[in-house]
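Here the structure is laid out as structure tokens; the discussion comes afterwards.
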Amino acid sequence: MARQSLDPGLGEKLSGNLRRVINNDGSYNVVRTNVPLSAFTPYTYLISTTWGRFFSIIAIGFIVINLVFALIYLLCGLENLHGVEPPTSMNPLLSTFYFSIHTFTTVGYGNISPSGILTNAVTIVEIFIGLLYVALITGLLYGRFSRPTARLVYSKNMLITPHNGGRALMFRVANLRDNIMMELSAEVLCMIKTEDNNKPTRRYMKMELERNTVVMLPTSWTLVHRINEDSPMFNLSIPELKQMEFQVIIMIKGFDDTFSQTVHSRFSYTADDIVEGGRFVISYFTREDGMIEFDMERVHEFDRVELP
Amino acid sequence: MARQSLDPGLGEKLSGNLRRVINNDGSYNVVRTNVPLSAFTPYTYLISTTWGRFFSIIAIGFIVINLVFALIYLLCGLENLHGVEPPTSMNPLLSTFYFSIHTFTTVGYGNISPSGILTNAVTIVEIFIGLLYVALITGLLYGRFSRPTARLVYSKNMLITPHNGGRALMFRVANLRDNIMMELSAEVLCMIKTEDNNKPTRRYMKMELERNTVVMLPTSWTLVHRINEDSPMFNLSIPELKQMEFQVIIMIKGFDDTFSQTVHSRFSYTADDIVEGGRFVISYFTREDGMIEFDMERVHEFDRVELP
Amino acid sequence: MARQSLDPGLGEKLSGNLRRVINNDGSYNVVRTNVPLSAFTPYTYLISTTWGRFFSIIAIGFIVINLVFALIYLLCGLENLHGVEPPTSMNPLLSTFYFSIHTFTTVGYGNISPSGILTNAVTIVEIFIGLLYVALITGLLYGRFSRPTARLVYSKNMLITPHNGGRALMFRVANLRDNIMMELSAEVLCMIKTEDNNKPTRRYMKMELERNTVVMLPTSWTLVHRINEDSPMFNLSIPELKQMEFQVIIMIKGFDDTFSQTVHSRFSYTADDIVEGGRFVISYFTREDGMIEFDMERVHEFDRVELP
Amino acid sequence: MARQSLDPGLGEKLSGNLRRVINNDGSYNVVRTNVPLSAFTPYTYLISTTWGRFFSIIAIGFIVINLVFALIYLLCGLENLHGVEPPTSMNPLLSTFYFSIHTFTTVGYGNISPSGILTNAVTIVEIFIGLLYVALITGLLYGRFSRPTARLVYSKNMLITPHNGGRALMFRVANLRDNIMMELSAEVLCMIKTEDNNKPTRRYMKMELERNTVVMLPTSWTLVHRINEDSPMFNLSIPELKQMEFQVIIMIKGFDDTFSQTVHSRFSYTADDIVEGGRFVISYFTREDGMIEFDMERVHEFDRVELP
């Protein structure tokens, strides 16, 4: 019973070798199929996609809308656009396209200007759509920038370290960014392949931490799981863990004081990331001027030690 | 006493048959009357209404404001708008309307331009109102898009399933969207029609869950209520539940990691939605490349089983 | 000791009659003096002030900035503004003021256009400031609209009602707005004037509620404080309470599901608001179509009853 | 064990005299080195930097982008900009620069207007970039203004005051701003230099408070730590504390009801800030009109008293 209650939604049925369940960017290795179309929200997509795709989409939208209006102005008659250059010097569609851009973006040089009821009416529709377009881009840019993101650095390895006469599994996190994080708390699960009624099954178990909260994170935080009788790793060697497809799933939650938002970070280690007999080096020192100097690169560094 | 304390604000007095208390979109089947006018907040309305109504309202506002200014320019005298086309070719009101649009939206082609103190003064007022209008639309569009919404899919049915030698009521939820949800927790109540001092009364009781939280929701989450002596459903058949107008009210809360916001989802099942003797099929499998594939449509699927 | 720990920051020293400590709009009757200038944040002021003041301030800013630039253009020489109307027909300052507005707001009709290095340079500065001004207004309008506000309606009176063989103090709240509120919780204190070592002192005591949370608020919520031996009101009559300057201070917190924000509501009742022997009427009924109809005005209504 | 668990991430290794660990503005005296370039987020920088730097950066960006486009227009040929003043009266680059500004900002006077396919195409690109620039500034300004900030005033000194027959360490906080804060909670640690296996070490210990939460903060809040056997300060004199480099680290969290956001405040006192034998004066009084008047300057004031 207790076992089942810790499945974080990754499933217990085993039908093949699972890869690292959480990627380094915090996304899951889960593919969703048969997602109904109604689930697609353009805003979320435009907020979450890469900058390259974002700019491409809004630029293509900009061109397409203006091309459509350029065609409409052409249908309304070139004679209703005063100041347009004679067709001999420029393609009429290009002329109306340029006029359309000046209208859509409210530049309105006025070197070309609309005349007649119909053409003027079309400009009003275009101006209105242009206002919405600019409003949309403003909101999207702000939405993209202000999306909260915890960027924690996890040590490259988990170490098995001598600790209080026994052994402990340790890893370190630090805040990659300059923003101030407070009230961090961590939850750590492990996933193990096992047998359940002769059927291979995945089990999810909680990994207890000596301390699962810190109030601030000015330097780094070392998370310590003692490998005692209660530990899922007790008396298991690294090769045994590898065979069991052992994975550690970490969720860290904190409060980003720069943006006043709760942020989450996810990470997973596999058995390949565990180093037996290592101890993290101290990553900070006090300078002569009384400041603490914290070296981000040392988060990953460790010394080799003998295990008891 | 304990009974009363669980009324979620839907009332205990019974004066007729109640329909499903929570609609599929999470709204309540509650009508409010005598709401004071001061309770109306245009912003909330414009943020919450449909896209169709939203665009209609801002477009009508756009037209009306500009018509008002067009009239004012007409009153100020057509001779104060340089470059306006001769009245023979276009209605004067149309001309001033077009000029008003160019001013309101800061397009300012300049083919028509104001002259004289009064007309210039009116343009200043219009430009200022135009700036506010554009600012408002920008804020409204952003507000509409950035409104957090949990879109959970609930299985079409609740199943009564053999479970640990007894029976359990089960239903499933999955995240319809691509955004990452974390730390979900559920609260489930049921509503039953009963007698209290010979007066028909509605009672609200908590439905205990085997597990009422999950840390992530990459695939689906099956919520399990054991039908034991403590369950409000104990020893009641489906027809009995129907007669008691049995309803299950579900509130699920989670953290949307894409927008860093807490989101809530509400749902209700009636006795008609319960299937006796069913077991949900597994909705995911591990692909050869190690990815988990999750089929959204299978959330609703179940196999028929014998009940103990 | 316990007494002191409940002072919500209103002080225990008594030096005169205190008025209602929390106004109906949730503000405190506290005046702050010697506030350092550095505490003033224009943004918070512009977000929190009335709409009238807000529009006045931004309109005055708009006029003043443009007047300053109008003067600068005048100093740069009228001959550097092409198309300006001859000084005989309009005051030169007005002409440059109009040009300044067209520049500041990016209207740019072009009927007046800058010429020469200096005037052009000034326009660039003005355009840049204009962009910031428009950006600022956009942000302020959005900030004003999107400020979360709980608008709870509190019943006009607190009632002393027969309850489970004893007496209880009851009051009701309902959500004034259409937005959906969830997970409400209430904290209620009372303030009583008393003697401490012969010095008049204010004491703050917790008023226990039968139920201090509800999961939803579709209709109204009746908060019930039993007047038993543990109650600060035990064996005190209304005139006695009035003499003790009895006040009830209520803080209700909830989650606004429309804007995904936690909102707070504050309210205070004085002894004058208490009605001895009243029972709130039911404020909702089930319509024939199965909808619950909730009458906002009935939140305040009660029937007279005998007290035990 | 218990000792270690309270290190708030400032480290226990002692390699020199530490200065005040938290500055008055809430920042840490921690320097980070070897921070990877990928950690730099321009948005966070532009949101957090001073107003002077912010305006400089966006102004320089504005000038540089327009200079680049001015050069491109020059390369496209001056003859493609109608209305440009003859090169004799103004530098051609200046002319194209001015045209570029009018285009970038959508002013579009039209006194200079583009002609020909190439020049028109360049204006489209510039207009598009201009829209993004304006959208960006709008978002940045809003982001800067709407950043939540708790501005608590901490009393200049911590006082050792007679309290309930013993001694207590007291300090006061008040809200510097007008916004309403609710549900404040405080956590207080102290840092002491000590010996661990003959190696100098820093120890972090919790300082228990008589009351670590208040529901509102209309005036000031006095935090009280009793100096009894459980206190890290028990039986230590001020000179001893100074020698131990005693520091008090305070974290206060609250809910800003004006912006509906949780805000944090950090502060640290050193032993030099402690006054032996002082008692804070009352900082408020009730006026004749029943209002409470709260004097912000009195937050720091205290009277000298004898210690038991």
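For reference, chains read A, B, C and D in written order, and residue numbers begin at 1 within each chain.
Just so it is clear, a contact is a pair of C-beta atoms (placed from the backbone, for glycine too) under 8 Å apart; a residue touches a chain by one contact, two chains touch by 3 or more.
Computed from a prediction, not measured in an experiment: that's the story for all the values here.
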Compare the CA centroid of subunit C with every other chain's and tell me the farthest one.
A
Quick check on subunit B against subunit C: do more than half of the interface residue numbers occur in both copies, making it same, or fewer, making it different?
different
Between the Cα centroids of subunit C and subunit D the separation in whole angstrom comes to 25
From the C-alpha centre of subunit A to that of subunit C, how far is it in Å?
36
If you look at subunit D, which of its residues touch at least two other chains?
102, 106-110, 134, 138, 142
Subunit B touches which residues of subunit D in the complex?
106, 108-110, 138
Contacts from subunit A onto subunit D in the complex sit at residues 59, 62, 85, 89-91, 94, 98, 101-102, 105-111, 134, 137-138, 141-142, 145-146, 151, 176-180, 182-183, 210-211, 214-221, 255, 257-260, 282, 284-298
Of all residues in subunit D, which touch subunit A in the complex?
1, 4-5, 7-11, 13-19, 21, 26-36, 38-39, 41, 43-45, 47-48, 82, 102-103, 106-110, 113-117, 120, 123-124, 127-128, 130-132, 134-136, 138-140, 142-143, 147-148, 187, 189, 251, 253, 261-264, 266
